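The chains carry the letters A, B, C and D, assigned in the order they are written, with residues numbered from 1 in each.
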């Protein structure tokens, strides 16, 4: 076992356990905090995959913005927090079976794939993936258009969120 | 890099399934969104690991992941806004109570 | 700046103007028109630079200005978009830039800039006039400013953007985008005075009619993409692709792929360029403000239709050996020639000054289409350009006339006088001299007044091509159409400008402001001068004085330059006769047509000629009227075409009734009712179980089904 | 490689040599060395934090015309240790109804978010935790944990004042993060890198403070808001919500928050130095002269850096103790309606000018003057706006009912 593998296994364990806590925790604030732990684990995975930029973006966006937003939303709808009853609906058993089936199906399909246990090549020395990413995002030959479209999407979401959530004027 | 691709894929499949369970089984709409976030993260793990284990020079995987970030942020913003708006009108965020549109 | 950069930027200013006006300066009238005119001027400037640089390139057809970018990833390849200026688009951008700029300037005057606000003007209706009180205490009624002044400039800005986009495109996709933007704008602009029901209907009609063509065009584009995996002109129109396309057969009519594609694209043109049988929208489109008519009829939209066919000419002519027309070309030539004649006959019987021009436009476009159908590529382009100039001139001139008449109407206060009816005019020559002279130049160019005007050279070239290539039927048809053209043009000029005023309003007509007359003057320069760049080398006396620059320049667009036909006196003679004859006849017939001819001296003086008038009336006018009224309009248009359509409708209706009574009601309905009822009953029973309105149940259900399907798939695959 | 010009590497090589001498695998030795390095950095940061307690108390006393701590040790230097002892022996209270785990984790995360940042702080050209190429982003990411700790503390305390304080703080931090990130992008653009070390090196010729004074101003303002210090200390506005999100914390848990805040402020002082004042270097080319080559010594550089950071910290304190508090809505409006647009325009301007002016000789002067010009324009706009508003207010002012004269 190399240090990489140790880190991966620790991370994976954290991710899976916390993810299960996210979907089962009866207290929504706890669920949101568990989500943060999950997301942090995923960020470490990115770092392990040598995508440092994505790891930090993951932390900034998910933990710094999205998770906080979740906590805010939970607090703004806090009457639900007092529901001490079950937080799962009636067919949670069916849902669990479906989830397990999905996992099994994905595993089955993936395991039949030739590249399943592929090894990663070393990133060649002198290749700056961050630079490549930056150029890819602003080059018309690559992803300039999707990038711009994403910005429009964010703008639309911003306006839409403000409009929807603002108190209706009567 | 001594970790085979399969580890990442299995982890991401597991995360995806857990998220799916959350989406299907949680009562609270906010919790459903939490589940969706898990699923999106699972997708992102896949994208980044395919980038790392595939052609590194082609940066597509990372770009896609970034776009997923953007979409996730947009989705959360609008989704939570909707939930808050619904909560204001109906004082509930239980997804299954919101069943007025059945006819 | 590199030429390519300029070309990329050409469509931008009008678009920016559109957004700026719509979003920010809607309130400021002078600011809005300044922005719009400056935008048009910028595009004009860019176009001129591009054009001049294009002139400086030797063998410009081989070396073109071209640049493209990757736009949309499609699997492993990219859908590229880009710009292309070759001789054809260079010449097109030249006249588009000029006419568009002129129309923008003209619009300032046309919409009464600088006049007071109307007394009871409302948005969506033409201005009704304003009452002002001068320093002496007299109250006058004067034209009032258009209430939606800024909006108009925004719309025409967008329109100009569409046209520039279309012209500079190097591929069918962006061209189609420009095409559709213009379709939208023509809808918005024809229905600009949406308060008038007629304008509303006309807008809808124009939109719907052109849409028919557009659908086919889109099919054609899809077919092109399917067949060649590209939409770029340079890719489609090279010899290899063309030979592949022309040797591929399709199941429809036994056409080759090239033939079918060009036919589909041509149907788009039929709609856009108002060819028979989709011409119906164009005369109605006169409901829009006059600059719009000029935009639509001369500078942009209808030209766009012809431009497209010309652009796709190599595709259309794929398999053409120079003498025997392909099926597609025959269809195109037939429709063009027929439209030319058909529309000309109708134009003869119209009284509305703009309607005459509308039919005339249809007819002239028919000329171009016919020329193209015969393979006379250069002639078609030539006529497209000259026609754009003189028809824009005529439309703007007619707008000026109407404007002057409206002035008179407001002055007299007699609102029963229709300012567009030519029989209410007369004698405007003295009231509106600039308009008269420019209109005269435009009219003569339209009729093909020999040697001097641009229309003569281009029309002559079409006739020469028809004659020289042995298409005598087409030649004859076009010759008659040309005669009628000259005839109704002269009729129009005579009724409008010559003689004496027939109404009080005409007496008080007034020359229009400089913003309207300046464009007329500039355009009339082109209406005369532009013909001289295309004088055939072998033309007697004049040939060779000026080199036939146009032929060489535009001919370079095609892979092999079209050959210059040997000179023949027959078509020249014909065009001389029809042009001069038509003009003369028109003048003779109409110079004295007026209700009250009290002046006895003049009456006596003209008596003998009046006798001729009778003969002419009997020989030409009556038959022409009859032909126009009874045959073309009542018989052909109403009885045959409409009758055919009605008959189809009737037959379909009776079949439908039969079906309804004996099949539909008992069998289909019975079964349907049974099915519906039982579905409903099942639904009622199932609804509480399945349709609960609960999102998570739906998700669970659909996921279950999905998993089952996947499992089954793998199960059976294994 | 001697101790004087590369101490960290020398020590780590030496340690690794020792571990491998004990028969450890190379990998393991590396991991253990790294862990030791991490501890060293944490200890260094904590030691600074202890020192800062004294600095803060001393400075605030002088601002308020007092003497400050002066009993324990020379100049009261050992006061912090007395404080620590006091905090430790105090009763550790967890309120009734609090969410215990979260309640106890919040101060840890708060301090951790600050200490995390120290991993990338370049104390000197050879003394730093790690030099990563996305360090600027890393700062923001670490800041996200600070936000998290605040909301955790506020929520888990089961106290409405704490929750209100947390909400205010989070709203502030999320909002002011935007201008701060944009302000950080300005040195990034000028230096063309996100590595803090590279940014420091890029200022050897000229400090970025001269290239982008407005960027510096933006950064200072948003950093203070991010810290939640006066005039942006709505989160703990004593007169309104008692003490904000850490109202329920006692003993060392409060101590952690307190230390975290002080260290955070000092860290931002350090970032001011790194991003705008040349970091450990920035001697305007002086170090190239033979007579001044000692300036390139890592220990000298570290001292220079710490002095610069302390000056930055002092500026932050100066503002804190001389400004009154701003109302929460004013503060958010100030950010969204003024600071954020300003930051974006400034960013675009900088990016554009950086590209345009780079090949010319007017680079420095052009950047500086353009900033001044821009500031002038903004001030003019503000002035005309406020004039309009005043006019509007006067026009719509409610007439004051005067007491009737008898």
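Everything below uses one rule, namely that contacts are C-beta pairs under 8 Å (C-beta built on N, C-alpha and C of every residue); 3 or more make two chains touch, one makes a residue touch a chain.
It should be emphasised that the depicted structure is a prediction, and the values quoted were computed from it without experimental measurement.
J.: Suppose subunit A were gone and every other chain stayed put; which groups of chains would still be connected through touching?
T.: Ignoring subunit A, the remaining chains break into B, C | D.
J.: Quick check: more C-beta contact pairs in A-C or A-B?
T.: A-B
J.: Quick check: how many Å separate the C-alpha centres of subunit C and subunit D?
T.: Here subunit C and subunit D have centroids separated by 67 Å.
J.: Report the inter-centroid distance (CA atoms only) between subunit A and subunit C in whole Å.
T.: 55
J.: Counting only Cα atoms for the centres, state how far subunit A is from subunit B in Å.
T.: 6
J.: Could you tell me the distance, in whole angstrom, between the mean C-alpha positions of subunit A and subunit D?
T.: So the centroids are 29 Å from each other.
J.: What residues in subunit C touch two or more of the other chains?
T.: Within subunit C, residues 696-697, 700, 703 contact more than one other chain.
J.: For subunit A, write out the residues touching at least two other chains, lowest number first.
T.: 2, 53, 57, 65, 72, 89, 91, 94-95, 98, 102, in rising order.
J.: Going by the touch rule set out above, which residues of subunit B reach two or more other chains?
T.: 20, 24-25, 95-96
J.: Go ahead and list every pair of chains that touch.
T.: After working through each pair, the chains in contact turn out to be A-B, A-C, A-D, B-C.
J.: What residues on subunit B touch subunit C, complex-wise?
T.: For this pair, the touching residues of subunit B are 20, 23-25, 32, 95-96, 98-103.
J.: Give the list of subunit A residues in touch with subunit D in this complex.
T.: Interface residues on the subunit A side: 2-3, 29-30, 33, 36, 52-53, 56-57, 59-60, 63-65, 67-68, 71-72, 75, 128, 130.
J.: Can you check the complex and tell me which residues of subunit A touch subunit C?
T.: For this pair, the touching residues of subunit A are 89, 91, 94-95, 98, 101-102, 105, 108-109, 140-141, 145.
J.: Which positions of subunit A touch subunit B when the two form their complex?
T.: Those in contact with subunit B are residues 2, 4-5, 8, 12, 15-16, 19-20, 22-23, 28, 31-32, 35, 38-39, 42, 45-46, 48-51, 53-54, 57-58, 61-62, 65-66, 69-70, 72-74, 76-77, 79-80, 86-89, 91-92, 94-96, 98-100, 102-103, 106-107, 110-111, 115-124, 127, 129, 132-133, 136-137, 142-143, 146-147, 150-151, 153-154, 156-158, 160-162, 164-165, 167-168.
J.: Please name which positions on subunit C make contact with subunit A in the complex.
T.: Listed in rising order, the residues of subunit C that touch subunit A are 69-72, 696-697, 700, 703-704, 707, 710-711, 714.
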